[in-house]
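Inspection log for the structure reproduced underneath, given as structure tokens.
Naming follows writing order (A, B and C), and every chain is counted from residue 1.
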Amino acid sequence: MSVTIGDLANALQAEAWGDLSLCVTGAGEPAQVDPVGPQGGLIAMAMAPKYAEALKPGSIAILAVGMDPAAYGLRAAIFAPRPRLVMAGLTRAFDKGPQVQPGIHPSAVIDPSAVIGENAAIGPLVVIGPNVRIGRNARIASHVSIGRDSVIGDDALLHPGVRVAHEVRAGDRLILQPNASIGGDGFSFVTPEESGIEEIRRTLGTRDGITQQHWTRIHSLGGVEIGDDVEVGANTSIDRGTIRATRIGSGSKIDSLVQIGHNVIIGEDCLICGMAGIAGSARIGNRVVLAGRVGVNDNIEIGDDVIAGGASKIFTRVPAGRVVLGNPAVKMETQMEIQKAMRRLPRIAQQLSKLQETVTRLLEKG
Amino acid sequence: MSVTIGDLANALQAEAWGDLSLCVTGAGEPAQVDPVGPQGGLIAMAMAPKYAEALKPGSIAILAVGMDPAAYGLRAAIFAPRPRLVMAGLTRAFDKGPQVQPGIHPSAVIDPSAVIGENAAIGPLVVIGPNVRIGRNARIASHVSIGRDSVIGDDALLHPGVRVAHEVRAGDRLILQPNASIGGDGFSFVTPEESGIEEIRRTLGTRDGITQQHWTRIHSLGGVEIGDDVEVGANTSIDRGTIRATRIGSGSKIDSLVQIGHNVIIGEDCLICGMAGIAGSARIGNRVVLAGRVGVNDNIEIGDDVIAGGASKIFTRVPAGRVVLGNPAVKMETQMEIQKAMRRLPRIAQQLSKLQETVTRLLEKG
Amino acid sequence: MSVTIGDLANALQAEAWGDLSLCVTGAGEPAQVDPVGPQGGLIAMAMAPKYAEALKPGSIAILAVGMDPAAYGLRAAIFAPRPRLVMAGLTRAFDKGPQVQPGIHPSAVIDPSAVIGENAAIGPLVVIGPNVRIGRNARIASHVSIGRDSVIGDDALLHPGVRVAHEVRAGDRLILQPNASIGGDGFSFVTPEESGIEEIRRTLGTRDGITQQHWTRIHSLGGVEIGDDVEVGANTSIDRGTIRATRIGSGSKIDSLVQIGHNVIIGEDCLICGMAGIAGSARIGNRVVLAGRVGVNDNIEIGDDVIAGGASKIFTRVPAGRVVLGNPAVKMETQMEIQKAMRRLPRIAQQLSKLQETVTRLLEKG
């Protein structure tokens, strides 16, 4: 794969400088990138002066607007008005992906009632169940399983080992990373009599008597509904709903090792970072960002545009637009103050003792 | 699948009202459920007045005891004395599951020494190792692997991509959700000389000198022993033991993305919720409930009937029957007070400074 | 598998006592171990007096130095100067592992351009892509997939269901536990305009106006580079880098359900325990120990020999050699003091109110 500096700049909607006919074969960090040769070369990502120090004369680079390519001895450069956005365009241009071979691999086990879209590529040892529909240009890598009555939209990319259970419906451009599981059963049990958990929710922690109890399973009849342009990370699990489907809105991105419980509803354009977990029946608005390892309690509502900082644990409803942090999560400013006071806490305790003594002496004197 | 209202009420041991001959084909939320047609229809789950508002006249529903089906224009109804328990019966009745085809799929790779129980269904691309025994009516879905000398009981359901390593013994009615791993090696290493971790456990945080150290592996010879009626969630990992087996008691349910370390012993009828983690050699009693993301330190003991609230981190032994919360976990009431005080903490700090000034002035005056 | 007490003691570099010609067939806990029979027997792990209580006369055992084998009626014993180190040698001697059959299973799908090392064992239903190189004596268990252009070193053991994506390069003696995913795409997105996350990082929590925003994907061109003697746990995910590879240094061990983000660099001989997570572009030094469920923020640096206690959340840079604990993580001693003061916090709040009253009265009197 190779493209000229000029064409790449056009594709990135960015300005270029120098010899626009030089060929770009990929991207690299400045220290990895050698001077461009007769067949072209890597383009260095040097979008800040500190990264640019490692640039070699004779190479080609992406610089921030305002940096001087001549000063680094470059032969050509592209200026990035918003570096990470340029990174998006550039990496897309050079991503060869996992390369699923075109056509249907003979080792795949496909139910005759399944409908495979035009130009879809089905890798080795894939299993596709009855009445499944796979969209056009979908790429289904090795060892994927897709259960009965599920639908995968156009242009999907399912990486190796992905599990899509039965009755899962996904839109277009779905990306599922390796070993992700979509549509496992919800974790939902009930005891014939009141359980200990129900008791302490009622009594806030007190337990009258403890009796033996077995768990009876509530089965999951609902599936999972996934919008367009959704991505789900490696080894993440999204459970199916009980009566209706668990839902992930269009444009939402979910990282690795995330847990999405049964009946959860996630809005559009959310970012759910690594190891976050959303318990059963929680409702997440649009454009919500949950940073790494954020936990959301079951049955609560998180409003649109909420941002939750790393490792926050959200136990109660959060109104739209709020930025929260901490365990239990509170407004970010409040948490910052709490943390500052907590670091001072051993000193506060000391000062209080001292003050008590002083006042005692004052009282004795008085 | 279809059943009459009358038969369904009988199966649920619940009372019914209206035309008991109407056919139920499944369950849905009130808003999804249309009036019942000539072939029957979905039954609406409307077990509280707020859910019942969306009921359409002419439909059939499950109501709480005391609600009036005529007021909603229903044609038939079933009364749920304990709604979630009725949900359990109802969803079980209509769950078609992943539908593993009867018999052994020709693409499965089964060692000739393995014994497959009567009426067991083995899906495509399953791998079963030497001396494995699979119980009667077991359903093993696609892409499952079961290692040498392992035993799976009767009526098991193993979802796609499940890994059961060698020397794992499980009882009857086992359910393993997609991509769960049972019997990976324990995470157990030792250094020839004292390691930094051992040092700081001894010195409580001080380090004298730091030396290079390589980790030597302790292998895991123990397997995993699982009782009857156990369920394990998607992408969960249960490690094998070092010398003896890791053990999961009968009736215990484990959610998705949970980690169970080597040598752990879990009692009966426990509920281990999503993203909980139990470190090596911890011992968990019977009927223990660990809410989402609870962590249990290695080598400690959690007594019977303990309940740990969401995201608690348990560093030390918990006596039987206690309800704990927080990081580090303490009694729930104590944690509630700590949290209340923590929210007041910035104010406490302010009040203390002010009081110090006042006392200083008093002293100067005095 | 069977070895004499004498040979086993030699292999463990430990001293032995009693009848050195007795045969050891495996290891067990004292209560499991019966008197040694004519074919030999299990050796009991009784490396502390409290474990030794369960020893049966006539059996064989490993004891701590200084314990008296005659007092327990043993027929032979081995003395362990450092018990866990002896455990390492002993368990290695008796670990039969998952037993991948020699040779290449006929159901494996191997690209003709792949190079399989001498004596490597490739299990059933394995998929190996173009230009992959597998080292000598490697054991690749069932259902593993290895993507194009990846390299696995000599003596590797890949357990069932492991995913190795394209362009992953691993050294010798690699161990990957079941369903681990190496080389999924990084979680990296950008919005055309400033996103809410960028805004609150700038404003520390305040949001001026909220606008709709879609996420544009940054693709991951970098692979993963793994040194020698690395182990990765079950259902763990290690993401590939953006421009250059994510790197794991030689001798580092990673537990189950761990997340390693894109571009992360981990040094040598680290121990990353279960459910730990390291966010994108963080740099971890050599010999770092992250206990269970530790979180490391993106883009920060953790110095050599840092030890982070269980469930610590590290938001900022940690200098070499420091021992940290808590959320947010601070020096371990500081955290201990904070926790002590926190437990006293409700009392502190009370004492402060009382003191305020006293001083008010004093002022009134004055």
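In the analysis below, contacts are C-beta pairs under 8 Å (C-beta built on N, C-alpha and C of every residue); 3 or more make two chains touch, one makes a residue touch a chain.
Computed from a predicted model, the values in this text were never measured in an experiment.
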| item | value |
| --- | --- |
| Partner chains that chain B and chain C have in common | A |
| Numbering shared by both copies at the chain B-chain A contact, with half separating same from different | different |
| Rotational angle, Cα trace of chain A fitted to chain C, multiple of 5° | 120 |
| Averaged-CA centre spacing for the pair chain B and chain A, given as whole angstrom | 23 |
| Per-residue multi-chain contacts in chain A, two or more chains | 107, 125, 143, 161, 179, 235, 257, 275, 327, 342, 345, 348, 352, 355, 359, 362 |
| For the chain A and chain B complex, residues of the former touching the latter | 107, 109, 125, 127, 129-130, 143, 145, 147-148, 161, 163, 165-166, 179, 181, 183-185, 187, 189-190, 192, 196-197, 200, 204-207, 210, 212-221, 235-237, 239, 242-244, 257, 259, 261, 275, 277, 279, 295, 297-298, 313, 315, 327-328, 330, 334, 337-338, 340-342, 344-345, 348, 351-352, 355, 358-359, 362, 365 |
| Touching residues on chain C, where the partner in the complex is chain B | 26-29, 32, 45, 82, 84-85, 87-88, 91-92, 94-99, 105, 107, 123-125, 141-143, 159-161, 175, 177-179, 229, 231, 233-235, 251, 253, 255-257, 269, 271, 273-275, 287, 289, 292-293, 304-305, 307, 310-311, 321, 323, 327, 331-333, 336, 339, 342-343, 345-346, 348-349, 352, 355-356, 359, 362-363, 366 |
